[in-house]
Amino acid sequence: MPGVPPTRFVYLGPEGTFAEQALRTLPGAQRGERTPVATIPEALDAVRGSDADAAMVPVESSVGGAVGVTLDELAEGDPLIITREVVLPISFTLAVRPGVDLQAVAAVAAHPQASTQCRRWLREHVPTATVVEALSNAAAAQAVADGRYDAALCTPASASRHRLVALAEQIADRPDAVTRFVLVGRPAAPLPATGDDVTSLAIYQAQDRPGGLLAVLNELASRGINLTRIESRPSGEGLGRYVFFIDCAGHVDQPRLGEALQGLRRGVFDVRFLGSYPRYRQPGAEPPRVFLPAGTSDADFADAAAWLDRVRAGRQY
Amino acid sequence: MPGVPPTRFVYLGPEGTFAEQALRTLPGAQRGERTPVATIPEALDAVRGSDADAAMVPVESSVGGAVGVTLDELAEGDPLIITREVVLPISFTLAVRPGVDLQAVAAVAAHPQASTQCRRWLREHVPTATVVEALSNAAAAQAVADGRYDAALCTPASASRHRLVALAEQIADRPDAVTRFVLVGRPAAPLPATGDDVTSLAIYQAQDRPGGLLAVLNELASRGINLTRIESRPSGEGLGRYVFFIDCAGHVDQPRLGEALQGLRRGVFDVRFLGSYPRYRQPGAEPPRVFLPAGTSDADFADAAAWLDRVRAGRQY
Amino acid sequence: MPGVPPTRFVYLGPEGTFAEQALRTLPGAQRGERTPVATIPEALDAVRGSDADAAMVPVESSVGGAVGVTLDELAEGDPLIITREVVLPISFTLAVRPGVDLQAVAAVAAHPQASTQCRRWLREHVPTATVVEALSNAAAAQAVADGRYDAALCTPASASRHRLVALAEQIADRPDAVTRFVLVGRPAAPLPATGDDVTSLAIYQAQDRPGGLLAVLNELASRGINLTRIESRPSGEGLGRYVFFIDCAGHVDQPRLGEALQGLRRGVFDVRFLGSYPRYRQPGAEPPRVFLPAGTSDADFADAAAWLDRVRAGRQY
Amino acid sequence: MPGVPPTRFVYLGPEGTFAEQALRTLPGAQRGERTPVATIPEALDAVRGSDADAAMVPVESSVGGAVGVTLDELAEGDPLIITREVVLPISFTLAVRPGVDLQAVAAVAAHPQASTQCRRWLREHVPTATVVEALSNAAAAQAVADGRYDAALCTPASASRHRLVALAEQIADRPDAVTRFVLVGRPAAPLPATGDDVTSLAIYQAQDRPGGLLAVLNELASRGINLTRIESRPSGEGLGRYVFFIDCAGHVDQPRLGEALQGLRRGVFDVRFLGSYPRYRQPGAEPPRVFLPAGTSDADFADAAAWLDRVRAGRQY
């Protein structure tokens, strides 16, 4: 049975980060207690140590750069599971003190990843401005509020918190840039399948074994399971072992995923289940059409199991 | 539950065939009633119609040529299952009337498949003899007993039945030539697994689908199941469909074969279970070492199933 | 370069067999010399020993039963290659002496494979008649011409050769029953590709290696090559080795087949090329639509080779 | 032919970064001109625009977080190729002004990724110290030199540049943490194969196609090519397309890699070659044993090509 809903949340801070924004999209989190922490390991340790019920951390990001740490933390130490994902479009506001206009912007404060994301925009709109590095979006906004620089590239939340106004909004060189966050809790039975779920796995394999990953993907593909993300990382144990992080479509309670997971468990060095959770859907988005190859629906699995029972009992046909 | 042991047997006749010899190797058949029939379809129809409990027919043969008929009969019509296999080395006796020696042999009566199997031997030992075709081993022996020809290439049983003596025994150009026979009955739960069993399947597939058979073999190989025989035949329905006859190592009651069978059932046009039965072992032969790839033992399957239960219940680790 | 067209043919006799009928469908054979031989090994030895240029023998048959011998002979000894295939529908004529009608038929002479093919027909049309075994279609016709039996199940050619008349024609329980014959010659460059060709291979593999055949089929499927027939046989060497006979769509001169053959050569114990030849087309039949998976046309192969050259030269894009 | 050796280098700055340290390990770079730039896109644009000959940027990092940007930049825009890799162990120095000891350290300046890497060490050795974020290793050292904080976690180069001394060296919670850097240039023929090379590829695929990646890995595994890294990223074009970044063992000039690349070119939406270059070897390290599956050596490829030529010419055996 799924555990008690979490009420104490931590997130990768400081306040005003995209992680906080991601957390606020969850109805449960709006009622709960939300505490920023300085690093991803601290966030996950708070959950492991029961100082928090769940942590919102980035896991895949065009601008966050924190992916590796999150994955490593999930793959090692006491087990944790992902219970939710939130995918945020990443864009920035150019925030100034009231009354400042674009012509007056000579110095822009920005976290390096914000300036990287907006490089082309800055070149076109404030070609002569200097970009000054800030430690975070919040720090950039603070520095502008303090009058040290003319403008900040930051989140809307940071801008409003420091009473800045927006000269431009939704700035992003790549309009489809997103960061994916996950809500992580202590092990519990996953939420029921919704029909459009993601299952995350960490799979450990011996290195230098041509075809090892092929066998893994075969376990999935032969049951019609679609891979939505894969990333290999050297295992922290430094023993010539790799860990693959895999996201695939489906829920651990579905027979096709259950059979594939058993196949993985048998065939690889180790596999760690990291959670089955609803795929994030943009507000107002249509439910996706889910495509299942022939012979891999739940009904197909039930039919095959019943047929095998008949065959074993000698009641074929 | 396995059915009642058969007591009324038919076999591909006439008396003295290798099929009769195969049937006699089964302890149960020595006590039962044994009736020769003229053709394989008649043998199987006798079982289908309950005129017999089981039929011994050749299924794979270097000399029998009857394989196709047996396979087609098993693949179509009311289902039947294989409950035993017998593998006989195929060699012949050169039988003469008492007192005749090799120099006196000018005409040899033989079924064409017997003379084909012994062609090199005949060329070396009776190079000037004429080979005369006979309809069966028994007919060849009869013709020699009648004085029409000097020698018969036949089975030892046919020779002794017609009071002939052997000038040479175990004649075979290919010393490892064998014929494989199967005992076929009406559907019933298979005999319990012995640890070295064969499972036979007929698998129907749409034609002209590159990779279709690949997917079938993948279902087997990914569970460590070894294929011991495969043969494709055009399906009798003439609808651009193929049927593959597959023998593989293992028993339908084993989890790895059960899972593979379910995968086949889901993935192909149709699959017909043709039986799980003990692999034939030559009298006095050592039990073979059974090789299972890592992760495919019964224990591995049990471990994986238990792990999946824990994961689903949120009790990982 | 393809060799000189053959002019001296042998075929599996006696006269009047389907093999002779198959040979006569070839324009070249109508002008050449055609000699029946008693067995398939004799036919192939005549070619090997240059006593004939080509031999027409059955290779896959619902009624012939000779497949195994042909395959074994092709797989062993001096190499031979298949240069043509002919697929004949297999049906029989019920032949009688002029003036005999169906009611008068009390004894039917037939080769066992002919009576097997026509069992249902005989049961319906001459339910009280006895079936007497004959050594060949020709022998059955001869026996009826001699007045020993009332009717023969035989080929139209055998009937007319013995001046019999047909009471019924094209008798066949399975209307789509066919026998496939191949014309076999000494090694030479194959005929040019026609766009609808077959390539035959004998592939040797170590036994008890799960997934070995899977790797073979993968070499074919990954290049979009369709398998049209497969049969495993224990290798004559009796050394725990299997040989697979495979027919696949395509011609050795095509790049996709060339690449697949090289992959097989590298990956298996041994592979023997048995010929590339035009797929048989029934007279008047439409050319089939040839389906090639995306990325496997000759043009795709040429594009990929040119791209690789550019990449290696540093002229990418 | 490989191009002219580069003499004008850029690297991800500022001075004192691991990227600079990586660049200095290359003999050619020690003689050339080395310029720091602020961001990875700037570094690569400098090469594309011929303002520099080569750029040293991080591509895979436990602490750098810049991977995504580098990959995206390589996958899009004008092509660039990787010509070298450098793998640096990542550890830090705790640097102080001369005379300060561990007991006196109350505030530590550190880039967040440095403090993340050394979290456990800090907790054990300076449990009461406050960690203050800095924008870079160099900025942390500068702040300590300025007397604003007591200690900096930084690189040895940054410490010595600011005349600080080390209280502790090679600090790293994960002793095997590394960052991998690549030297990127304009397209040119790759350096000759050394026998232990890496080839990097960007492979574009349609999304939601179960088994698509499986087919890609199959092209590699069937030629014995070992995958050393894989990462999927949503394609920047936002069109339901994925891009996979793959590193594999081998060199584009080797036949097995050439054949695999052609297979990928034919089978996927698009493939971009990102370079073949020597695998980085730690100074003093033994050359690795290179393991090739049976049938995939250069000699095996040569043998198979020669055999195919013989078969096509009719000179089999």
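What to note about this one:
Chains here go by letter, A, B, C and D, matching the order in which they are written, and residues are numbered from 1 within each.
Definition applied: a contact is a pair of C-beta atoms (placed from the backbone, for glycine too) under 8 Å apart; a residue touches a chain by one contact, two chains touch by 3 or more.
Since we're looking at a predicted model, the values are computed, not measured.
When the CA atoms of chain A are superposed on chain B, the rotation angle comes to 180 degrees (nearest 5). Our note on geometry: chain C versus chain D, Cα centroid distance of 57 Å, whole angstroms.
With centres taken as mean Cα positions, chain C sits 59 Å from chain A.
As a whole-number value, the distance joining the C-alpha centres of chain B and chain C reads 24 Å.
Along chain B, residues 218 each make contact with two or more other chains. Viewed as a contact network, the protein chains form a single closed ring in which every chain touches exactly two others. Annotation, chain-chain contacts: A-B, A-D, B-C, C-D (touch as defined at the top). The part of chain A that touches chain D in the complex is made up of residues 38-42, 61-62, 64-69, 72, 112, 115-116, 119, 131, 133-136, 174-176, 178, 208-211, 213-214, 217-218, 220-221, 224-227, 229-232, 234, 236, 238, 244, 291, 293. Residues 1-3, 78-79, 81, 187-190, 215, 218-219, 222-223, 252-253, 258-259, 261-263, 265-267, 272-273, 294-296, 300-301, 303-305, 307-308, 311-317 of chain D touch chain C in their complex.
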